[in-house]
Every structure is written in C-alpha cells, then in structure tokens.
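Below, chain A partners chain B and then partners chain C, in two separate complexes.
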Partner chain A sequence: MTATVDGAGRPVIEAPRSRAPRPGRARARSNFELYAWVFMRVSGLALIVLVFGHLFIMNVLDGGVQRINWGFVAGRYASPFWRLWDLTMLLLAELHGTNGLRTVINDYAERPQSRFWLKMMLYTSAFLVVTLGTLVIFTFDPNISG
Partner chain B sequence: MPKAPAGTLYRGREGMWSWVAHRITGVLVFFFLFAHVLDTALIRVSPTSYDKVIGTYKNPIVNVMEVGLVAAVVYHALNGIRIMLIDFWEKGPRYQKQMLYVELALFVILVVPDAYFSLEHTVRTIFGST
Partner chain C sequence: MDTAAVSDQAVTTLKIRRYDPERDSEPHWERYEVPYEASDRLLDALHYVKWNIDGSLAFRRSCAHGVCGSDAMRINGANKLSCKVLVRDLGPEISIEPIKGLPVEKDLIVDMDPFFDAVKAVKPYLMTDDHEPTRERLQSAADRERFDDTTKCILCAACTTSCPVFWNDGEYFGPAAIVNAHRFIFDSRDSGAEERLEILNEKEGVWRCRTTFNCTDACPRGIEVTKAIQEVKRALIFRRF
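Take a look at the complex of A and B:
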C-alpha cells in the first residue's frame, strides 16, 4: 500500500488490480450443462425408436434370441441400413449413458478425488466402447472363418 | 461438496420413487451396454467365438434376465417421455402423478407380451413336449 494520498494530500482508494473472485463461481460460465440437458432429451427420443426397434427384432420377432447366431448378424450387416442403425444407436446410447452416470457421480461422490477418478474411469470406458463398437461395425468381414 | 442438509430434500411418493427407478434402470442398462458391445465385438473375431457367447443369451436363466433388461429399458423410455412432458408441456407438472400411472399401465402392456415371446422357447424346453 503506497500512494494513499493524491497530489493535494487527499486520501485515495487504490483501484483494484483484479476482480475479487465471487463465491460459487470459480470457473468461467459455459452453457455445457444446458447442452447436456438438451442432448439427453433429443437422444432419448431417438433412442426410443432405435432401441425398441432393436429389441423387437432381436428378442420378439421369429423366435427372438434363440435364432441369433453369427450368420444372422452377417445377413443383417450385408445392408448398410442396419449398420447405420447400429452405429447411431451405439453412439447415442453410450453418450446418453455416460452423461447419465456423470450426473450420478456428481450427486453421490463427495470427495474431489473420488469424483475425478470415477469420471476418468467412466470416460475411459466410454471411449473404449465407442471406439471398439465403431471399428467392428465398419470393419465387419463376412468372409471371416473359424 | 456440501454435506447433506439437516433435513432431507427427498419427498417420497410418486415423484421421488419414479426418479429413483429412473436412475436404477439407467445405470443397469448402461452396464449391460458395456458388456453387450464387448460380446458383439466377437463377430469381428470368429463365427465360433460369437456363437459361443451368444449361446449364453439362450440359457434359460439368462433368458429370464433378458426380460428384466427389457423391463428396465421400457420403464426408462416411458419415464423419459414423462420427464419430457413435465419439462415441455405446460400442464405436465400438474399431471405428473397421473402420467406415472398411465406409464405403469403402458409398462405392463409392453412387458407382458415381450415376456411371452422371449420366454416361449425356454418355457417349452423346460415344461413342454415339443
């Protein structure tokens, strides 16, 4: 605290060098949570069609799960339509679920370290599932043997 | 993180329990999805290994669990629609209770036929002749 008087000897209040951090708003404002909220609703609607269609074909139609084998999947994947269906369903479901579990972790894990590591595990598993699933859908080989 | 307040924010009844069930079914389905992507990835490995793991799904006990999975998905989907109606329909919050009962009726209407078709084969192999 130097110059606390001006040229005429009157006291002055120094200009603050930086704004004092306001409580409860440590980080910059972002609309991430709003977009996440909208995404849950939009992806949820799409998933109702995609997942119900998937379950109806796989579990109900023509004997359900009893008729599923490698040949059945190969037959479906001969069509780009079902590959695109599965790819969309995979991406939306995994992101929808990851965001859901992020919310659950935020609600119940209190220690900053637990929150951090639980989320790291969550994001790692999501990355693994999306990468592996996408790779399989794109590189499926109907002439594979064994 | 703030500690739990002295009282409780949980209010019970339809509003809270539908939310609790939404969470539980969501987490369940998420963990199943993880396993399901791994088992389906075997189509890229070999027909034999895929057919072996898909054989697990045809086991009678797992077959019953599949109906449980469908039930979880159906509840989560229907309750999701209810949440969207509460969010976006002006009368949604007022009718949230009634919507839950409509939802539960639809749940039964969807899950019972699913159980019939999914378990037909299993029931026949255990109890039936054909």
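Take a look at the complex of A and C:
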C-alpha cells in the first residue's frame, strides 16, 4: 500500500474501501406494484369461479362437449350475460397471466436488455390476444352465411 | 484444541469453497480432514483448519456465540451461523460456502456493503415528530410485544442471502431490511412509519417477495421473517383501501 501524504507532509490514512454508490433506485412514488399484487389475488379468486364455471358448462352439463357447435355458441351469445362472462374471463385471465409472466421475467431475466425485450414480446402478445378476443366477443354474428 | 485427546475423536471432512482473488481466477473446493468432539461447533472445526492446517483460510467471526452475526455461511446448502451448529449434526462431509448473492472478497468473506446499504435505506432508527419527553418515551407491554420478534435481528444476512429474488436482483431490499423496517413501523413510539412504508412500496420493495419462506428457515434467531414481510404488505394495503 502506498502511503498518501497531505499538503503538510503528514501521512493520511485512507478509508479501507471507497463506498460504491448504490445504483439509482427508481424513486417514483407509485402504487403500481401494490395494485398489481392485489389484482393477482382478486382476479385469481374471480377466475376460479369463471373458469371452473366455464369448464363445467362446456364439458359436463347436458351432453358436455359433444353438443357444442355453431348453433350452441350462437344461442349462448344471444344473451349479453354470456358475452360479459366471456369478456371478463378473457380480460382477467390474460392480464393475470401477463402480470404473472412479468413477475417471472423480473425474477429470472438477468440482463436489463433481455428483461426489456422479453417484456415487449409479452405485452405485444397480450395486446393481440385481448384485441382479437374482444373483437370476436363483440362482433360475433350468428348468421354464418352473412 | 487439546491434541492429546485427538486420537479417540471422530473425524469429519470439511469441503470449503476457497477463493483468493490474488491467485485464483475462479473459486474452487478444497477438502480438510478435521477431528472433532461431540461438543464442537462448526466454527471450532474452521478454527482447527485455520490454526493447524491452512492459515490462509479467511472467514469472519467475532463473538462466536450466535450474537454478533459475523459468521453466517452456506452450510450443506443452507444458511446458518457456523457458531450455532454442531459438527456432529452435519454428516460425514460438510460443504461450506460463502453466503450467496453478495460479491465474494476472499474464501468465506463477502462484501456486506450492499446488504447494509439496503438496511440503512429503510431508516432503522427512531423517528419522532412530537416534543422530546422530559423523562423517557413510555410504552405498554402490549405495544412492545407488537414488534418483539423483529427486534431480535443481528444483521447476519442469512435471510437476505437465502432469498432467490435477492440472488437474481441485488436491487431488492431483501428480508433483513424489511425486518428492520418492521421493527420501527410497528413501534408505537415511532412516527416514521409512513415514510418507511413509502420506501418499501417501491418497485424493489416488499412486492418482490415471493413468500418462499427461505428467509424464515434461514434466520438463526428464529424470527418469523416472512410473516413480518406479510405484515408490512398488509399495512400498505390497508393504508390504501
């Protein structure tokens, strides 16, 4: 270790280790992570009802999956209730899954760049699924020939 | 250690992850045969290696009785204090590594600065906004009990360096910082709870916790770390809703 000397020629004892500045924390005051956490719990509970209800109606109730055809869907979608059910299920499931994967990417992707691009891919796919699904639910036309 | 008694003692193998930054490019394992008595703790075995076999072995220890929190290490894959485990409970070959997720400086010594920086960031000291009392700040036994568990922390870093989120994301505050925030957030004499909750509400705060309970398992003081983290989450939620 080289001896450091101050202006008057007296030796100066250096600090054992220079304190590395902690990489900047995002100081943005936001409740986003809190709301995301609550959303996962609430949407999870809602999805238990929506998804198992959906599976039960489609696969078990009178005749099950064998009876599903164009006419069956047309009959269901005549009622706004089932359209609303499917829309809620679509939005909650997609956002729940997207937020879950966002968390997995944050946990496991090590490089900031791979984090960024994985999340971009995730958000793009979520946007496509939500848009396409919503479009079908709102524009479904029972007149197949039309 | 009394050498006369060594002959009728049991022998164990310590497999230690060694790293000397001046000589090694990568850490490597080295094995040491160490005699031990039934009452020997792992720290005694490490002393045996350092004092009798290889003096270059580097590790931290201070009080050697589970209070100072210097000798946290990864023992057979789990974070423990080497002064609080008996050699005879650890099997015929004991693997010893530095705690994970902090930069290794030499052998079992890691750079603790990022850990202490995270603890300091949650302001782990009494903050008040009222007038200073003429005598002391009184507190009921029930109010004291509220945060009793988190007063036990010795800042050994066993919890934070057992957390898989911290391993991958050093920006996460980590369990120890949250425990030390909890100790003041739930103290009736303190009035800085809002400020600390705001800090832990950040992106790298309590919401990164995946409740894997590694921290609770690792804590040598038996603090229910995951529960403390959940209580901070709950405080944040009920503040908003």
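The rule is short, and it goes like this: the second predicted complex is superposed on the first by the 118 of 146 C-alpha atoms of A that agree within 3 Å, B and C clash if a C-alpha of one lies under 4 Å from a C-alpha of the other, contacts with A are read in each partner's own complex, and residues count from 1 in each chain.
Heads up, the rule we're going with is that contacts are C-beta pairs under 8 Å (C-beta built on N, C-alpha and C of every residue); 3 or more make two chains touch, one makes a residue touch a chain.
The model shown is predicted, which means the values in this text are computed figures rather than measured ones.
Judged by the touch definition given at the top, the superposed model places A:L34 against chain C, while chain B stays out of reach. Of the two partner chains placed by the overlay, only chain B lies in contact with A:F52; chain C stays clear of it. For chain A, the partner that touches more of its residues is B, with chain B and chain C as the two candidates.
Of the two partner chains placed by the overlay, chain B and chain C both lie in contact with A:E110. Judged by the touch definition given at the top, the superposed model places A:V65 against chain B, while chain C stays out of reach.
Using the contact criterion defined above for the overlaid structures, shared-chain residue A:I144 touches chain B, although it does not reach chain C. Common to the chain B-facing and chain C-facing surfaces of chain A are residues 110.
In the complex of the two chains, the chain C residues touching chain A come out as 113-114, 117, 121, 164-165, 168-169, 171, 198, 201-205, 207-208, 210, 233, 236-237, 240-241.
On the chain A side of its complex with chain C, the touching residues are 17, 19-20, 22-23, 25-34, 36-38, 106-108, 110. Per the touch definition, chain B reaches chain A in the complex via residues 1, 3, 23, 26-27, 29-30, 33-34, 37-38, 40-41, 43-44, 46-51, 54, 57-58, 63, 66, 70, 73, 77, 80-81, 84, 87, 113-114, 117-118, 120-121.
Contact residues on chain A toward chain B in their complex (touch as defined above): 41, 44-45, 47-48, 51-52, 55, 59-60, 63-66, 68-71, 73-74, 77, 90, 93-94, 97-98, 100-101, 104, 110-112, 115, 125, 129, 132-133, 135-136, 139-141, 144-146.
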